[in-house]
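Letters A, B, C, D, E and F mark the chains as written, and numbering starts fresh at 1 in each.
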Amino acid sequence: MARVVRGTPRTDLAIVDGLAQLGSATVHEAQGRIGLLHHRLRPIFADKIAGNALTCEVAPGDNWSIHVAVEQAQPGDILVVTPTSACDDGYLGDLLAESLMAHGVRGLIIDAGVRDVSTLTEMGFPVWSKVISSQGTVKETPGNVQVPIMIANQHVRPGDVIVADVDGVCVVRREDAAKVLEAAQAREAMETEKRARLASGELGLDIYKMREKLAAKGLVYEDYQG
Amino acid sequence: MARVVRGTPRTDLAIVDGLAQLGSATVHEAQGRIGLLHHRLRPIFADKIAGNALTCEVAPGDNWSIHVAVEQAQPGDILVVTPTSACDDGYLGDLLAESLMAHGVRGLIIDAGVRDVSTLTEMGFPVWSKVISSQGTVKETPGNVQVPIMIANQHVRPGDVIVADVDGVCVVRREDAAKVLEAAQAREAMETEKRARLASGELGLDIYKMREKLAAKGLVYEDYQG
Amino acid sequence: MARVVRGTPRTDLAIVDGLAQLGSATVHEAQGRIGLLHHRLRPIFADKIAGNALTCEVAPGDNWSIHVAVEQAQPGDILVVTPTSACDDGYLGDLLAESLMAHGVRGLIIDAGVRDVSTLTEMGFPVWSKVISSQGTVKETPGNVQVPIMIANQHVRPGDVIVADVDGVCVVRREDAAKVLEAAQAREAMETEKRARLASGELGLDIYKMREKLAAKGLVYEDYQG
Amino acid sequence: MARVVRGTPRTDLAIVDGLAQLGSATVHEAQGRIGLLHHRLRPIFADKIAGNALTCEVAPGDNWSIHVAVEQAQPGDILVVTPTSACDDGYLGDLLAESLMAHGVRGLIIDAGVRDVSTLTEMGFPVWSKVISSQGTVKETPGNVQVPIMIANQHVRPGDVIVADVDGVCVVRREDAAKVLEAAQAREAMETEKRARLASGELGLDIYKMREKLAAKGLVYEDYQG
Amino acid sequence: MARVVRGTPRTDLAIVDGLAQLGSATVHEAQGRIGLLHHRLRPIFADKIAGNALTCEVAPGDNWSIHVAVEQAQPGDILVVTPTSACDDGYLGDLLAESLMAHGVRGLIIDAGVRDVSTLTEMGFPVWSKVISSQGTVKETPGNVQVPIMIANQHVRPGDVIVADVDGVCVVRREDAAKVLEAAQAREAMETEKRARLASGELGLDIYKMREKLAAKGLVYEDYQG
Amino acid sequence: MARVVRGTPRTDLAIVDGLAQLGSATVHEAQGRIGLLHHRLRPIFADKIAGNALTCEVAPGDNWSIHVAVEQAQPGDILVVTPTSACDDGYLGDLLAESLMAHGVRGLIIDAGVRDVSTLTEMGFPVWSKVISSQGTVKETPGNVQVPIMIANQHVRPGDVIVADVDGVCVVRREDAAKVLEAAQAREAMETEKRARLASGELGLDIYKMREKLAAKGLVYEDYQG
């Protein structure tokens, strides 16, 4: 038995688009270093996006549910696909990508394989995947769509915000999204100021007043003896 | 003892070139999902080629047989190199690539390492390898050339067709090549038509008439309860 | 307890810059195939550099010592960072890179993760790392700076020369640097001559007079029997 | 900032002990194939246990929170430890195991390393870990204790039931534990009956009436042609 | 579409049993170092067996064909299972093992996972697998039985001989089995004699007359200089 | 060119045997957490030994130098073998083990493969290796014997002390061996006392007076809210 849940909540796209500007590293920091998917997920081309998670569980070697998921898509979604056991097959190619784009989906996060990556690149459909593989899949076992899933060691619910760029993929809980956006913007402002000071040659040791703490932890300086 | 087999058959280059147009994913599908080499083989730059397999077994850390293989090359070949036990060394650099290009070889598939990849990229000599490594090799143990080999979990015979692109590497048996080309072209035509319908927003669920089958397998739709 | 060693020797930048021209594969060969770091270290963008090793040991998940290392930097250095146990966190982002560039550091070699790679790419700050990850680090445990370290199965001392390009990363002992430069230049000259002969179609079998040795090792030629 | 949550609920030990009898594979099946931790977690010796999850997040290379967790232990607990980023260090040895046993803890599940395994084996303290490593850890950064954690691709809350044996580790949500126990016992009874029929030589094809379904899916029988 | 081939040839059990005595390393050497399956296949307990390959292809996460294969089993067979794309699921547990034993099958070689390993160990049913995992499989897609397969980088045909022990798994082509047995027995006799000489303290350098060859390859002896 | 260095120093066996009693984890701690070889090296059976390093570099897939090394062996040595590039072949089997035992060698540490492990276990010859593999090796390229080597991310010199047990493998520099033995014995005495207190139920939090430091680092206690 498999389920499709309709009417799941989504995060306001104004917030989502704000998070897209900030990127996965800043967002991850701003929410207290939680929500980062495993770094084995890598982009097929450099891009920086955010969207509402449209979740999809698939059987190993079976992409049937992705067709089911397309019907549930709304503009601003990112499809998030996890196999119920580890699989490296190429679950999605240019046809499904075309279909997803036609329904406003902004990209794909998949803890498995993808194929047709040169066409996907031409189409500008961004994908973060574990591998690239021509190996196709069957359509025998339906999986759950728009239910909470486990992917790459994180828990993702429909409508949570996915933030993805070349550094990786981070999930933000939809109830936290507004405050995480605020914290991330504050962090970025602070970093801009710090970056200017560092670029001028000022040392982090001085800016962050680390010298005393380092000494207290036992750091000593000595001269080279050859 | 090691052998070089001369006069092995090759596949007609008209067929080979037809397969090159279609790419590894379509060809793999068209021949019934067989012949795909392990996805650990990745290209050093994006390219899309096909050629007759020029096979070469090498001892771990020993590239002597590649020199032997060059002499057996014919225009339209792709050199396919497998170590007799797993090895990550850089078996080939710009010199051997120059030699292979001079004899009409279109590229290299190697379940090991390669080096000088910036020069290879400038030269336009495409390589699919397991790793990139500066580690060189010795010339102490000759291996077999133009015999059937195992590479990346596939069986490849001299003159079988290798189809390689950014999605991966697929082998087509030479006696099947003509009919696989036909099947792959038919598949591509069908996909073009399907892709247009999907781009217009039509659902795969409807195009492929999946709804009844999904229901029979137990797929149910429900509303979000919060 | 952790140490910072001041006044460690460096290699003359004229020699360092000569080695940068030659690249990791040629330098590795020229010094007798020693000093190659494990090929898991990959560049975030294609570049070809050399520099004096500025060494830094870090605790897993802790980048405090990188701040300490910046103060010890001199123009022409490459920061070389190794965790005391394996770690995939993103130890460095755009801020620390800005700081390193401001002090003349040419790049980073790290047997761990890095983040902000799109900004690092825009800045032109080259990095060779094990992974890319948004996962941040803490500042609780100082590590050693400018002491001999183990990284990616090699021993690197402050002021040894690091040569890095798209093929990998190689270390040259500072006392050997001058003679390795000479040997590498000689090797490159020899390769240029060989490459021209190979490009003209001449066989390595003939250039290197391999046929007799291959026969002595048991290589036989036979005709295809179908 | 890190938190210790006191007074978290636990599952009745009568239910827990019932689940221990059934093992990870049967329990995993009985609850619909959810909750299985990644198979990289392996036992240091063969054992079959269940217990209430006592959860503990640790910084990479830092085992301070395990000391904090001991104080929260109750008889029948299993300590479940996850690093906030991947780490292979040996977080626990015979001393901490002695302390855990003294407080009634039945075993350890850790997505990292363990050491002193010959002593742990003599003591009869079972551990499922990712690796075995002598590498020690520091005590600089406290982590959360008795909060919901992510471990080896599963979500585990304090007081959820951990079922571990030589086949792997499975988590059962505490609110589902009673009904999962019932379902698992029913499954085991059914398997015992089936196993007897299979041992007598009866075929699964007949017991499960698979022949017609296989034919409908296209399975054909043919004779060997040489 | 999937096929079951009936009436495939088998190797004489007298030969098979002779090979079982010799083990995978000796057999692998005796046939010229071919036929070794990847060392990722490890035994669940120490055993030393040989048998006729009963081959079975399975879809990822789908063990339906194992039921089909049981009906084709004959005493002296070893079931050899390969997934069509990589999969770590536990394809077989105690029930199927019971069924296989009832039909005379001597063991299982599987390039995937297995479960119920404590029961399999008690039953004395030996398994060589890639992993141990409680993760179950479905029965949706039939695969081929008794056709030539690729497994762990080797080609195995029905009735080829599988030789498995704690060192690994080797396949011997059925037409070569008799002569490989003879060669392996000769090798073992020779090794027994050599082993006695080595046990008495005689050096391999002298027994195999290596000193001159080593010198010719450039081996030099020098005294320690401190 | 390859070298054998004669007359290298060794560590006094009284010290070596003292270190053997203490094991890799305690020794590693006692010398300041340095010298641990990568945990991928695992024992073929449980044992606890120490010995003087007899070092040996081998080409990938080539075990010739092990024969050379046997002649340099002295009672109390442990053979330490590293390939010049990564290799999984089975470099050593029962014959070479017999030869090594005849010359007083106590065991083998190899960052590659080993075979005949059931015989080695019967003989009581302990091995720590990366893998177990039947794959044999050739004798074409001599390597260095009794020179400093890199193995599994550590630097090992002839006569350094190797301490190996089921937790892993650690190297102690010969000039540090006496003082490391003393420190390790002191550490073990201290641990015995601590272990008794922990076994009585006393908390590490109290024994090590951690509560205040934890609070200073921000650890807070709260009650479960459901």
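Please note the rule applied: a contact is a pair of C-beta atoms (placed from the backbone, for glycine too) under 8 Å apart; a residue touches a chain by one contact, two chains touch by 3 or more.
Everything quoted here is computed from the prediction, not taken from an experiment.
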For copies chain A and chain C, work out whether under half or over half of the interface numbers are shared, and give different or same accordingly. different
Chain C and chain E, separation of their C-alpha mean positions in angstrom: 41
Centroid spacing, where centroids are CA-atom means, of chain C and chain F in whole angstrom: 28
Expressed in whole Å, how far the mean CA point of chain A lies from that of chain E is 42
Where chain E touches two or more other chains, by residue: 33, 84, 88, 133, 135, 140-141
Pairwise chain contacts under the document criterion: A-B, A-C, A-D, A-E, B-C, B-E, B-F, C-D, C-F, D-E, D-F, E-F
The residues of chain F that touch chain C in their complex are 33, 84, 150, 152-155
So in the complex, the part of chain C that touches chain A is made up of which residues? 1-9, 64, 67-68, 70-71, 88, 90, 93-96, 98-99, 101-103, 113, 115-118, 131-136, 139-142, 146, 158
Interfacial residue positions of chain E with respect to chain A in the complex: 59-62, 84-89, 133, 135, 138, 140-141
Where on chain E is chain F touching in the complex? 23-25, 28-29, 33, 36, 39, 42, 46, 48, 165-168, 170, 191, 194-195, 198-201, 203-205, 208, 210, 214, 217-224
